[in-house]
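Two complexes follow with chain A in common, the first pairing it with chain B and the second with chain C.
Up next, the complex of A and B:
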């Protein structure tokens, strides 16, 4: 295969994974922005999405019910975590980190106990092949990319055009003033946390036919979304989107030309240096 | 997460000073005596805990006294570990020169990483340190022909006995292990205590409380933070180096993100900004893991639940809660 072919493959793979990362990272960014907390268990919502997808699709024999049922189940888990862990500690930054590390352990171990240490595949709901001049490519991956893009657009509509979005933006700007104007901030927090978890879960569901469900798959998702959120600038959803695509493309292109480990080393260092040069991220607000 | 500055004049201050040093030395003396009464199993556990607590003390120097939260300390711990382990494995170094190379390796890494990362603060600092540590971890995997990668290297049988004057110490012996761990731990406690109570330590507290003002008064805040990060990295590296010598093993897992999270966890559980907090946190967490894994394979659920409950009941950590209730000279 020619250099152009390799480069195109790298860009394509990177673009697809970039959009999936964007979905997960958007969830983290939303929680980060609105609630000002670091949710270390965010990757576990991604993992739960994938595992529930396996469960529901093997229960019903079809992928489509899982696409709806898995994110809803994860939303319930998130709501419970918000109500019984995060709200009692009043979303204080450092206790939240410890508490969500605890939540991470609990969720991982529950999945290990009831689902087992296996990596299980789920059959893709659609098979077709797209032929490029250099290689054929899985059509399902392109559908995943398209769906992710669609969901991101829907999220943008929710944030900019709905009452919930308005409430969330108001709470993000100033929680107390928002409350004084009658915004039910506690419910906004719960909604933001659940919505963030749902986004991660959907990404998990979509990726299962490509990647298999495994109880440790959350950590990579967490690291990548962390990178996207910080590079994009905390509180900026646009920034997160751009950064996620940037990370996906770098990783994709590097993986085609170098060994995966070397590619990850270079990508990590690149991310670190971007942040050193622009500590507030590419699209960050001045305050943090 | 405030450090209580001892107030009072003259005699009262001297008295408080003596009390603080006394309490810390009493903890060390208690650990010294414990080895004669503990059954062998707990004896070994405590040796390991003291090394891990030294690591957490190193971590806490940065977090507690500058307010910078790092998620990359595993790279300093691992630098000490590889600096020591690789020289023993390939060059046949003895324990003392190997500790020195481990220390030098971690100081070198901390100097470079600090110079780069201290341009950022807050969450950015957290992520930048995490990314550098991730690159370091992946590098230990990438060069697996030298480092042994995931499998790691076993030092058993390669480490010559340590000659200290008339003494010949075999680091594989439990009694020697315990006391070496105790010496390292005590050294780290005293270093931490001295640093915090030195004039430089006061400047650090000032920087943590209000960096702008400290700079306005004329302190070069970057240099102070750089110094603290280097000392913090060196103490973490010393812990890594000791761990390798005492437990004869080095591997990539010690450079992974989990080992960056651990000291943060121990520190938060024990109490930020206290010197003894990390020991309490490390002891608690190690024992909780050990006891629960005896009853169930799903012990991580218990660990997770313990963390959640602990942080809901004592958001300031255990020592923070103790200090709020009892006199402020509690370490």
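Up next, the complex of A and C:
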């Protein structure tokens, strides 16, 4: 295969995975920005999205009901977690990390118990193969990328153009002042946590026809989201988006020209460099 | 005032404690609990229970194999207990999860040997776990019978206490199969394999055998077993490759095969896969049609018409597998049929050896008798106890050798098209455990 072919495959793979990472990472970034908490269980919402997608699509025989029902189910799980785990510990940063680590294991083990250790496939709702001059590619993956881009645009509209978005931005800037101005911050917290989970869940639902639902699949999603959030700058949605695409493209191109292991090493080094040189991330606020 | 209202705080505490307890039971695999998975039936057998430690991959990337290894072990123990036990004694399995994790594997061996004080330990599959845990079994001087396929046992690099009497190793498999591949499919072969010990056995012995029979290795493509996305590896496969030799493990196996199909489309090279790439995967899964016509190695045919002996039929029914290789209760739950028979056969090897060696209890004398008796075995006859077929056993290598099957994907099923003989897989032995001290 020619140089162009290799480069094109790298960019394509990188672009698709970058957009999916962006969707997941955006949820993490949103939760961190608004609530100032690190949700270690974020990857498990991605995994739950995939597992629920398998459940609903095998129940109904079609992928489309799952596309709606799975994120809603995950949102309910997130709301319960917010109400009964995070609120009782008052969203204090350190206890929240410990609590969400606990949540990670609880969700993982529940799925292992009730769903099993299997990697179960879900049929893609649309299946076609795009034949490029050098190689063939899954058409569904291109659809996933397009949908992810649309959802990211929708998220941007929600944050900048709606009352909920205004509340979230206000709470992010200063919780107490926002509260003094009548913003129902507790409900904003719950909404932000659920919305973050829904974004991860949608990514899980979209990816399950490509990658099968498995109880350990949340770990990779969590790691990549963290990388995107750290590089992009904690709490900055633009930064997260740019960083996610960057991570995806680096991974794609490096994997094709060199090896995927090297790609992972480079991405991890990048995180280290950003932490040393610009601790708040490329787009992060300078104050904390 | 005896009846006191429970405050909200107390209720929350209680709920928290319950959730906490739930977590503990959920991760009991990593806590010091030993769950007997098949209680001994004291009906016919009597006397002191023989306790067999079962190191199982209940969680981690080997969990699908683990689930089926456990089902098979339970079925074998039930059958053994129904038919008089081992040397008249009832048998109990003491199962412990190792999370498919080498570090944990060592701890599991220690725990089974020292705390649970089992008679033997058996059942480990993933080669990285075996290689980590086997030295500890040797130090603790307890027989450790693995069902792993890796060449580590017959290589002579383990120790006197480690045996693999129930399943053929990779070196023998590829020695038997590669000449068939070169003769029937093509000479220029690209090998795609998992990037750890088990995969290296394929790379090293497959690669050597390819060269020995006049073929050529076009490229080597190692892939980490935890990988979830594979398209980026495929550019490493040269376009003029005649055959892609693929063997993959872990939760990503279906994705691997699907993405290979998307990548190559109609211009695909010929494919020869090891069933590991499809163990636990439903052949009717969406997108697998591109495998049509390709060849797959099987140790024991998944579909019942592949090797319809009465022993195989008996074994299949006892384990609860239907004619398509899936669970009788849940046809979507596809078994790891080409590996789990090794668990069944190993338990019957233990039975034979205990009965012939006069083994009674853990200790240097009885273990010496057990090991020396097993090393003298030369043959396991085909039967209900060895449904995969007869096995030649080489005592100095601690390794069994059996027949292999070559199947073709036809109408989304695996159809056996050829079979190799035991002698096809015999290679020049390297190790000799019988010279090691006990």
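FYI, the second predicted complex is superposed on the first by the 288 of 288 C-alpha atoms of A that agree within 3 Å, B and C clash if a C-alpha of one lies under 4 Å from a C-alpha of the other, contacts with A are read in each partner's own complex, and residues count from 1 in each chain.
The rule is simple: contacts are C-beta pairs under 8 Å (C-beta built on N, C-alpha and C of every residue); 3 or more make two chains touch, one makes a residue touch a chain.
On a predicted model such as this, the values are computed, not experimentally measured, just so you know.
Undergrad: Please work out whether A:17 is in contact with chain B alone, chain C alone, both, or neither, and reply first, second, both or neither.
TA: A:17 contacts chain C only, not chain B.
Undergrad: On the A-aligned overlay, A:110 touches which partner chain: chain B = first, chain C = second, or both, or neither?
TA: Touch status of A:110: both partners.
Undergrad: Name the contact category of A:261: first (chain B only), second (chain C only), both, or neither.
TA: both
Undergrad: Just checking: does A:82 make contact with chain B only, chain C only, both, or neither of them? Give me first, second, both or neither.
TA: After superposing on A, A:82 lies clear of both chain B and chain C.
Undergrad: Determine, under the contact definition given at the top, whether A:38 touches first (chain B), second (chain C), both, or neither.
TA: first
Undergrad: Go through the superposed model and pick first if A:92 touches only chain B, second if only chain C, both, or neither.
TA: First partner only, chain B.
Undergrad: Once the complexes are superposed, what residues of chain A are shared between the chain B interface and the chain C interface?
TA: 88, 102, 105-106, 109-110, 112-113, 261
Undergrad: Which stretch or stretches of chain A touch chain B in the complex?
TA: Per the touch definition, chain A meets chain B at residues 38, 85, 88-89, 92, 94-95, 97-99, 101-106, 108-110, 112-113, 219, 223, 226-227, 230, 234, 259, 261-262, 264-265, 268-269, 271-272, 275-276, 279-281, 288.
Undergrad: Can you name the residues of chain B that touch chain A in the complex?
TA: Chain B residues touching chain A: 1, 116-117, 119-124, 127-128, 130-132, 134-135, 138-139, 141-142, 257, 261, 264-265, 268-269, 272, 297-301, 303-308, 310-312, 315.
Undergrad: Per the contact definition, I'd like the list of chain A residues that touch chain C in the complex.
TA: Touch list, chain A to chain C: 1, 5-6, 9-10, 13, 17, 88, 102, 105-106, 109-110, 112-113, 116-124, 127, 129, 131, 135-138, 209-212, 214, 216-217, 220, 252, 255-256, 260-261.
Undergrad: Under the stated contact criterion, what part of chain C meets chain A in this complex?
TA: Interface residues on the chain C side: 12, 19, 22-23, 26-27, 58-61, 63-64, 66-67, 224, 227-229, 231-235, 239, 251-255, 258-259, 262-265, 280, 282, 285-287, 332-333.
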